[in-house]
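Below, chain A partners chain B and then partners chain C, in two separate complexes.
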Partner chain A sequence: MAPDDAQAQVSRIGDDYAERYGFHDPSEYLKNAPVGISHALVESMTRVKGEPEWMRELRHKALDTFLAKPMPTWGNTGLLNAIDFDKIHYYVRPQDREGRTWEEVPDDIKKTFDRLGIPEAERKFLAGVSAQYESEVVYHSIKEELTKQGVIFMGMDQGLKEHEDIVRKYFGTVIPVADNKFSALNSAVWSGGSFIYVPKNTDVGIPLQAYFRINAENMGQFERTLIIADEGSRVHYIEGCTAPIYSSDSLHSAVVELIAMPGAHIRYTTIQNWSHNVLNLVTKRAIAHENAVVEWVDGNIGSKFTMKYPCVYLKGEGARGEILSIAFAGDGQHQDAGAKMYHLAPNTSSRITSKSISKDGGRATYRGMVRVQPNATGSKVSVECDALLLGTAARSDTYPTMEVSGEAVKVEHEARISKISEEQVFYLQSRGLSADEARLLIVNGFIEPFTKALPMEFAVELNRLIELEMEGGVG
Partner chain B sequence: MSSSLEIRNLRVAVAGKEIVQGITLTIRAGEKHALMGPNGSGKSTLSNALMGHPAYTILSGEILLNGEDIAKMPADERSRKGLFLAFQYPVAIPGVSVANFLRSAVKARVPKNVKDGDSEAMRGFRKTLKAAMDELSIDPAFATRYLNDGFSGGEKKRIEILQMAILKPSIAILDETDSGLDIDALRVVSDGINRVCGPETGVLLITHYQRLLNYVKPDFVHVLIHGRIVRSGGPELALELEAGGYESFGLAPDRAAGG
Partner chain C sequence: MSVAADGSWLEDLRQLAWEWYHDAPEPSRSVHLWRYTDPAIFRIPEQIIDATPRPGLIAPEGPIPTGIEVLDLVEAAMSRPELVRDRLGAAVRPVAGKLEALNFARFQHGLVVHAPAGVVAATPLTLVSKLGGPRFNASRILVIADEDSDLTIVRSYGAGDRKGEIQANGVIEVFAGARAHVRLIVIQDLQPEARLHLAQRTVADRDARVETIVASLGGAVMKADIGTVLAGKGAESESWGVVVGDGAQHFDHHTVHTHTAGHTRSRFNYKTVLKGHARSVYTGSIRIEKDAANCEAYQENRNLMLEETAHADSIPELEILNNEVQCTHGATMGPIEPEYLFYLESRGIPHDDAVRLFVDGFVTPAFNRVPPAVEASLRGHLAGRMERL
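The block that comes next holds the complex of A and B.
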């Protein structure tokens, strides 16, 4: 079958549901019920998408779970309880999103694009003005290379259609629907996200980015990502980018599941930079089998409030997990981020490095959990949390939890809160840097362990972004 | 114009207490002045005030760098105008490599509207750094190490001299550069000072002990007691001081014994 035919077929899937189930026009139905969540909405979503019965059931059950589960009583309860679930768009098709124009994009976001030097086409994509990042040439050559290797890399919706067996086997196995209120919400109304399968002993040489994905949708509100790295394979996935992602909707709640089979290596890099009106409530978890390595590199710069605690289940002997995160909380922002490591097998090792910067009225919280099961003998744990406070109104809290029950376990834990010292600023000023340049250099140094883990162009953009966030002086 | 630093009747207070009580001193290009004094005599207060540390208040007097009063300028402006302070205790800047830091310092001297590619100093930075490190026998690995982070006392002082070599100040103040160095490190650092400070540079060596002056020969020696210069003379003054101690210059014996 020619690709075009396949496309056409895919797009026709679900066309007959309208007649079969009595909806005159499913898209009409969606237009008439654009906000609020209900079984009717879930039903119409799953039909428009033409999903198999098991996914339809999963969505409905997830909705029941979501409705039944209480709101978390920690984090930032004021903001959480203020979410009005009846006023949120749960499913917006790409063609509806394209209605947005460049003029509607806020000026500060445009200014940031300018300062970061983001190319024109990419700006429109990031601002949600165009549905696709228009770098077709790059995209095609990468796609060919991946196909040759047998790597599957596509949107989650397409993955469900074309690789239903794989998706069904793994979907929701790392993060069960009922894990938490927001994983249940995502499971009920998910749309978009990435699906990746890397065959045995395959090294995907280049980092995979959502840009290169076929029919890349806009960054969704409720995207769902599933990555399976088969035995001995290696993959680096990069989500988001340093430029701000503009959204008029207030809630973003993603679920990301990673499975590293024996000996596999997955690195998942995120630079979260949602506009400052977004609540970002994300569940990310990985399973690392025997001798597998999972690394979360997680940067949180944007959003009004983020709750995100990437997690690794070290399930197989010799598995290794690493979580490297930074959070930047400017005035009016609350970054509640952290890390979780579960040592479930002998000789597993984990390392958590968390760096947070709070500026002016910003608030950064580190929330961590390390559990070592009794059978996880010979395991190693290292946790390092550094908080940097800029200005007198900034706030930082640390909630590290450690439950170590194994024997012969090596645990290292360090937590520090610091301010930029007058002596450091004076030292750099005495070499010609202005006070602002001095503070920026110190902040960039503070997050250096993180920037070092990024591909060069991301590191450069991130440093420029921090520079922007630092502007306006420190009180 | 040859460079100069003129300190006129300078009085400096720290935390409301007057420490430097009227110092007058002129340093010209090519000259090496040693300012010697016991602990608490005001040596570090003077060097910090000259560089512009915000915690040090200038009560009265003038600091003229090449004829221009810099007493009210922030430290970075003084630096860009050619003043340099080698610190007694250089602070660590974790995560910022020596090379990255020095690049930023050099860039701070390039006008903001000039792109890196159009600036001779920026384009040649790598070469300049390598040459300076070779000249001072500094292991190239130091370029990528984080600034003063975990450096030994001797390593910190050598990196201070490296900074001076790159920034090429017209006036350099070396604040107790000899402190905490063993004899081998002292020799290496002194050798660095002699290489870097040529006829274009005026130098103020601030020191407690005479031993640095065995390696870096001063043209003038000044003795600082209680925030005032009590004697000035040639190199022989340092030897006199070594023989008789600060007591012979009017310091109370109990203060002098403090070392």
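The block that comes next holds the complex of A and C.
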């Protein structure tokens, strides 16, 4: 076979998905809420959503990649290998979503809502009882303001429909489909998530919250978010909320891509508080161009097992990246979280601050990667990991990786692991606090650098949440 | 297994190890231990593997300290099975890896160093290998320090007369009994073409104290897997490492500190100086087991990068399963602070001397813990290395 023929053949691989799998009536197919993943499902999804051809192709190829890629051999192999991909609903049409009744919501979730003082309407939404959170009034005025600025802020599906040119240009460029098994899965079956474009030199004054345009689509299992901050612009996006999100779906696998053009500033805040049945396997990555700043503020409180390592590619000279994270692993939880910084250009700087608390049988893992390429002269990296162990059965791991080339760079990494000091507790007790209050105060002090980076109402809720998690704690 | 007094037990085990070596796959690069070093570097054609005994491969230098026994390992397996049998291969297990199996199966010279209970060696014991002779060199040392003994061992790998590629495979096992105090200093100053794979494990019993230094200076490639098991309450370990590399030298040091008993302490400090296209890989772990309460562990890896072309990787890992713990680690990579050089140069010290002074101050804290004679030897090797830098 001539090389040209071979190449032509290779490039045609996967071109005939429609012929192979396109014979279903997509609505009919999806109406029965099929379980398991297949090309037929992907084909039906993409046709029901009315997506362009390139996205259809991308989904099918992503599914092939997902099926071909082996499961990671690290993290928590026991839980990963136990995932039964044939038992998962990958897509449910909004109109087919089965309403859950308030009675079905577990008591501990209801109790947490109470303690956090979450309003009634919100509770129902967060618990999955209603599909829409009635915040239209607030959202409407914000929307007008944003439109005036030229800011695009909408669901990803809508974004693909209305701004296909932008989406096509950037979708999958920060996190390629084949980046890892779960990014491939997400690329095949993504639904929901946010699409944001901030025009040049525009400062979006208020934090954008998915909360404002919250609906069931947005908090999907396989949401996909893409944020592009054009030159000199500034945006703060807040994903999720401190209140627990009850989901009966056992697998959540999102992909979040951020692009900070020269001089832009993106802050992305997440507080993940999935109910404790969820495996949360998320890929988050940003590209920072010249003098851009990307900040990930990442809190992991909920889920049974989380694997999440927000990442910044410092691609342009003078770019800066910051990752500030906390993880709370209570009994039965494993938080495998961390941070990645790739210094690819001169004079880039980054800082990683990670705080973790392991309580009772909980396990918190920091897993990090810092790479400084040979041309990234004059770059600076600082990493700080602090872990607190509460209770004899708690476990803490630190797995940092540093790969550094070059002389004119400075990399510093530090980690400390300890328990709450009895002296501190004793001191606070002598000031009239109970032992539990003293421990709570110490824990809140421990995570303060994180709380300080949150908008006030989030910080207050987070502190209350930690109080709840600490109840009955052993020191 | 029945104990044969004739030493055939060792023959049998060595045969098993050979079969294991033969069948074992090459180390997997997906695990940290081999992530940055290609196992093919240590691949050896079987026809050059040769277990012909080579007494003198490890040569004691100077007098053997009074009270210390130094025995041939194979002979001791016959004459002193009670001393050797339960320990040989217990700290560095033959099945730990392909190269560990190869050593067990084909070591050409092995020594047992025995400090009987209460014996305090007045002088260090120096054991030297100058790698000449055949291309494949495999040696093995088993150190047994009985309770309340005190012993310093210098294990030196020096340049021999052989030019061209040498494959050296070394294993050192140390058993420090209750309250024993053992210092083990490994100096690697091999010829530029040599490749060394070293596996070293120390097991520290109750209240034992173990200090180890590894000075990695020569050779083309050195891969070392060095570890301490703090197995008895109150045991303490201090580990120092000094790596100086330039040209295309490749160093890969892996350390493991396992606290299996409570009230144990480990302190660990590796310093690396790199020039040219030299690369240093450091991967290491501290693990505090569930039942090991009240432990302290410190781990530090500092890399001094003297040229832009140098490369350093560092993965200092912690696995903490007990909450009654004090544990920290740190790693840095960077150049000499320009202010230091400026200060020294403003005092009229030429640039190269200023660099040398700084490097000296950077690495030598490791040397303060050893007896003066050993310190002098370490400084001598380092000075020689710095001359060539």
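As a working rule, the second predicted complex is superposed on the first by the 443 of 475 C-alpha atoms of A that agree within 3 Å, B and C clash if a C-alpha of one lies under 4 Å from a C-alpha of the other, contacts with A are read in each partner's own complex, and residues count from 1 in each chain.
Note that contacts are C-beta pairs under 8 Å (C-beta built on N, C-alpha and C of every residue); 3 or more make two chains touch, one makes a residue touch a chain.
Quick caveat, the model's predicted, so the values are computed rather than measured.
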Checklist line | When chain B and chain C are modelled together on chain A, clash or fit | finding: fit
Margin query: One more residue to check, A:Glu437. First (chain B), second (chain C), both or neither?
Written below: first
Check: Which partner does A:Phe426 reach: the first (chain B), the second (chain C), both, or neither?
Finding: first
Check: Touching A:Trp102, do we find chain B (first), chain C (second), both, or neither?
Finding: neither
Next item on the list: For A:Pro449, select first, second, both or neither according to whether it touches chain B, chain C, the two together, or no partner.
Entry: first
Margin query: By the touch definition at the top of the document, which applies to A:Trp54: first (chain B), second (chain C), both, or neither?
Written below: neither
Next item on the list: Report for A:Thr73: first if it touches chain B alone, second if chain C alone, otherwise both or neither.
Entry: second
Next item on the list: Could you say whether A:Val411 touches chain B, chain C, both of them, or neither, answering first, second, both or neither?
Entry: second
Next item on the list: Have a look and say if chain B or chain C is in touch with more residues of chain A.
Entry: C
Note to self: Between chain B and chain C, once the two complexes are placed on the common chain, what is the minimum CA to CA distance in Å?
What the structure shows: 16
Margin query: Shared contact residues on chain A, chain B side and chain C side combined as an intersection?
Written below: none
Item checked: Parts of chain A lying in touch with chain C, wherever the complex brings them together -> 73, 372, 374, 377, 387, 389-419
Margin query: Give the list of chain A residues in touch with chain B in this complex.
Written below: 421-424, 426-435, 437-438, 441-442, 444-449
Checklist line | chain B residues within the chain A interface of the complex | finding: 51-55, 74-76, 78-80, 84-85, 87, 90-91, 93-96, 101, 104-105, 108-109, 146, 163, 167
Check: What does chain C use to touch chain A in their complex?
Finding: 30, 290, 293, 303, 305-335
